[in-house]
Amino acid sequence: MDKLGTLKLINVGLTLAGAPLFAPLTIDVSADTVTTIMGPSGCGKSSLLAHICGTLPPIFATSGRVELNGVDLAGVAPERRRTGILFQDALLFPHMSVGENLAFGLPAARDGRKARHARVETALAEAGLDGMANRDPATLSGGQQARVAVMRTLLSNPAALLLDEPFSKLDAELRARFRRFVFDHAKARGVPTLLVTHDPNDAEAAGGPIIELTLG
Amino acid sequence: MYPTIERTLDMSPLSRIISVAIGAGLLATAALSTNAMAQTWDETLSAARGQTVFFNAWGGSPKINDYIAWAADRVEEEFGIELRHVKVDDTAAIVARVLAEKTAGRDENGTVDLIWINGENFATMKSGNLLAAPFAQSLPNFALVDVEATPTAISDFTVPTDGQESPWGMAQLVFMYDTARVASPPRSAADLLAWAQANPGRLTYPQPPNFTGTTFLKQIMLDLAGSDPALQEPATDASFDAVTGPLWQWLEEITPSLWRQGKAYPANGTVLQQLIDDGEINIAMTFEPAGASSAIEQGLLPETVRTFIFDGGTIGNSHFVAIPYNSSARASAMVVANFLLSPEAQARKQDPAVWGDFTVLAADRLSPADANIFDAIPRGVATLSPTELSPTLAEPHPSWVGRLEAEWQRRIIGSN
Amino acid sequence: MLRAFPTAAVFVFLVPVLTGLTATVFPAFGLQPGLDDWSFDFGAWRDLAATPGIGRSIRLSLTTGIGATMISLLLVFSFIASSYDRPGFARARKFLSPVLAIPHAAMAIGLAFLVAPSGWIARAISPWATGWTQPPDAMLVQDSAGLALIIGLVVKETPFLFLITLSALSQANMDRRMSVARSLGYGPIIGWVKCILPVIYGPLRLPIYAVLAFSLSVVDMALILAPTTPPPLAVQVFAWARDPDLAMKFQAAAGAILQLGLVASAIALWSCAARMVAWGCRPFLSNGRRGGSGRLAAIIPGSGFVLLFTAAAAGIASMAVWAVTWRWRYPDVLPSTWSITNIQRHGPDLFAPAGVSILVALLAAGIALALVLGSLEHERRRSLTLGRWVMWLLYTPMLVPQIGFLFGFQILLIRTDLDGTLSAIVWTHLLFVLPYVFLALGDNYRAFDERLAVTAQTLGVGPNRIFWTIRLPILMRPILIAFAIAFAVSVAQYLPTVFAGAGRWETLTTEAVTLASGGDRRITGLFALIQALLPLVVFAAAAGLPAWLYRNRRAMQVAHG
């Protein structure tokens, strides 16, 4: 698919009850880079990601354009946008096994059950979770759950990856390792990645452009 | 649909005028035109085949429910009729239902095809034009009823049935007592009062307007007032006050000595029967002369229970089945009514092991074989013989019922 | 498509209630649209006022209704306040839920036999301890003050209020709030009353009003436990509605309106009193009094709960014993002759009514579940929040006395030729089932972690598939519990079945109430037992199925229960 996609925000602004959350924003997130948005809490970072995903509640008013691979996302249903998102919680589906969670991310079967199974196993191996397909996600450690969540998102073959402070709940050591894991996988797949954080270390590790969100 | 039945209907204006005599007259007519009757009855039978009859009948007694279930099996195999017993806890509710249907303009396809009824409910349905055209006299088995010997078969609480209901069984008020606790039962209203005062808390009666409770009031009224001719007429303020005065006096005296000091009353006769079995009370009343025997047999009463009536006699009446005006299955309802009147069904009904309800058929009109079947039915350990059960007192006009109940409400509930 | 669900749900409610009420109001003033009689007439009201003992009927309704509600509520609040952090709390939940499933009629039949002077308790202690060779002439059931009815209502309503309060508490962060209060030195009871009660009373208001309205207008339970000289107003109106005398219809209609007014005034009174208490207690909240450990105070509500459960269980047990009895006379503790004759003879009679009960309950519960899920999903997708009036609407069938509109609704059913049909019964059951499903499911559905859905959506899955593969499986436990509650509510319906079914449909409940009037405890016991067991079995299945399906999913067992 489009290996080298771009996510473009053109003059994007969010307004809540008539008050803009931040000054209109224009960013060009290219493939192979992780762009970081920083700002104080409550400045609308997460809402901006929700807007890109198409899951922003209608009480917000929006302006500007969001383009993915040259296509305006306005009016496109969230499930058709191919914008993968990771939150600070892994949000694995509690009623499914680890393997089922990953398979849930895979696009509908064109390649048969065996092939799907193989792709799940490969993803698990990539995440260092060999043979854990039948495990209950609740029995995994926090770091393991986070890695499953990343693999699940990547298996869905996203055109852009949105990271909503996905490292903030992990302890320092785990955090650095996991950060590496996410960025490496994102870059390896050439997915334009947008990270939202309030931790300068995250931004530094991302190694891409850093945008400070200022209150509107 | 049923032309011959329509013709029978044409006779009904006459029968409205003088009912008892005309009832007999119709019988004569029926007997004269036996051929025509047989033919039309055949038509009724063929029209009935395949129909479903919703029989609305009180469902509080398992033995009666079992009996109706047996009748359902029989009419199914013999006449191809599906008889469905709609178990009712108060017949008045069904009268109300038919009335609601009439109010809503549903003059056909009513939900009630056959109803177990008598007395006030019948009077209400009859005067409200809620009943189908006369049918009883066209039932072949009606010929086995001797309306002269059994006047209650065509006169329901003094109201002429005019063929709008078919007799099913006979009832008489009897008292039950536990011989283990009561040595000699009180055989008059006055004795009952004295007994109750000597044994406080051990007597009660179902709360009027329950049937048995109201009948008990009527019984006391008759016992105290004697056979006043006013009772056969619609009640007036004057006649009511005159006749019931002693009754209220009696009630005022006995109430403090009743079960729960007369502040609570059982809902109906079967709850009353349960109270005697529980040992809460020692004397009770029932409208089924064989009811006590049958209850002993079914393990519902101790074997020491016997029955008695007042020396001056007790009230007796008949109960009936009737067809509402908007029944959706008139032909099959008639066939069922006729079956219920058959010697086979009547004999089974009289057996205390089954139900213990007295037949309305006249012994001298039965075939010898059928008469033998009736003779062979055991009377039951607690049932009085026909001689012991006499005299039977006639029901007063139904207009007395409402007034009695209202006055009871006013005096007992209003002052409690 | 989804938009049709809230409309359909509203239709299910409004049509019967409004047409039923209208058809009740007209005859109360002598108007008969059907007979084109438009002459205004207050005769029915004069008759009503002249009814012997009507004043005491009204007073009895008010004292039993308000008394039962107050006792139940105090019991629930004091139990939670004194035991929320103790093992008895979780046990109470486990033991009381099944009591909720037992139909009122079965419960009343069981309780009546338990406490009657010739009942099980008296049999257990007589004559050796009491000297009663014959039962004492004491008014323990159907007593003039209505105490037996109050007890019966408390046994049934306390579990309902308890579970509803638990649901409100789960929204109110009780544990964290209480830790704060306790760490500030507050005792558990005073802390709870000051920090939790004011927060949860708001969401509890409507359920409390529903309990109040129900207790004021109950008929089936009152037929068995309430006094009859005179009976409570609702029973009186029920009797008039079934009276064959046409004039009584008008009086019944007027009585139904009076019953409606009674419920409305009781609710208004309650609401006023609650406001006054809240206002009067304002200074109490911040007076700094910490209260003691409350361990002693815990004994009363704790033993109240134990007693309540024991009474319910013993009542059901007595029915089981009766079902296998031939002879059991006072003062024997147990039957003198056991027998399974009853089961053999009447067991087969159970099949048809049990089948109808199950069929109607499955349909009503299934449709209610579909309507509620559809409405909730619609509400979520449109980001709507239901207004307060919708909640009131939802509660209408629970607030308006059944007797007030069922008679009128029956006329509508007859007009449309629907009476006596399965659809009519299911429809009337839906009226009473739907609110419970909404109550049981609404909060859980809204509390669903939307990020799970967003995650699934960004993985490329559409809202419909999310609904079936994520939402429903994760919410399976509350959904099945809501279904079980709906099933139990439907099985228990008496008046709606009688009115809509044209008497042609026998359910276990109509059979049990009819048989209870027939007085053969052995058969009544058998039917009441089965009537009580049926919803219990469904409850057990509803609790057991997700537990088994998700036995290997830890998060499904705790977090999403």
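Per-chain numbering from 1; labels A, B and C assigned in written order.
Note that in this section a contact is a pair of C-beta atoms (placed from the backbone, for glycine too) under 8 Å apart; a residue touches a chain by one contact, two chains touch by 3 or more.
Model, not experiment: these values are computed from the prediction.
Colleague: Report the chain whose CA-based centre is farthest from the CA-based centre of chain B.
Modeller: Farthest chain from chain B, going by C-alpha centroids: A.
Colleague: Identify the chain whose mean C-alpha position lies nearest to the mean of all protein C-alpha atoms shown.
Modeller: Closest to the centre of all protein C-alpha atoms: chain C.
Colleague: Provide the C-alpha centroid distance between chain B and chain C, rounded to the nearest whole angstrom.
Modeller: Here the centre of chain C sits 38 Å away from the centre of chain B.
Colleague: Starting from the mean Cα coordinates of chain A and chain B, work out the distance between those two points in Å.
Modeller: Taking the average C-alpha coordinate of chain A and of chain B, the gap between them is 83 Å.
Colleague: For chain A versus chain C, what separation do you get between their C-alpha means, in angstrom?
Modeller: The answer is 48 Å.
Colleague: Under the touch definition given earlier, write down the residues of chain C that touch chain A in their complex.
Modeller: It is residues 383, 449, 451-452, 454-463, 469-470, 473-474, 476, 550, 552-556, 559-560 of chain C that touch chain A.
Colleague: Which of the residues in chain B end up touching chain C in this complex?
Modeller: 54, 56, 59-62, 65-66, 84, 86-90, 92-97, 99-101, 103-106, 109, 111, 120-121, 124-125, 128, 181, 200-202, 207, 259-261, 263-265, 267-268, 270-275, 277-280, 298-300, 302, 402, 409-410, 412-414, 416
Colleague: Could you pull out which chain A residues touch chain C in their complex?
Modeller: 50, 53, 55, 57-59, 77-85, 87, 89, 91, 93-95, 97, 104-105, 107, 136-139, 149, 152-153, 156, 158, 162
Colleague: Applying the document's contact rule, which stretches of chain C touch chain B when the two form their complex?
Modeller: Answer in residue numbers: 32, 34-35, 51-53, 56, 116-118, 134-135, 137, 139, 142-144, 223, 227-230, 241-246, 249, 326-327, 329-330, 337, 345-346, 349, 410-411, 414-415, 417, 419-420, 502-504, 506, 510-511, 513-515, 517-523.
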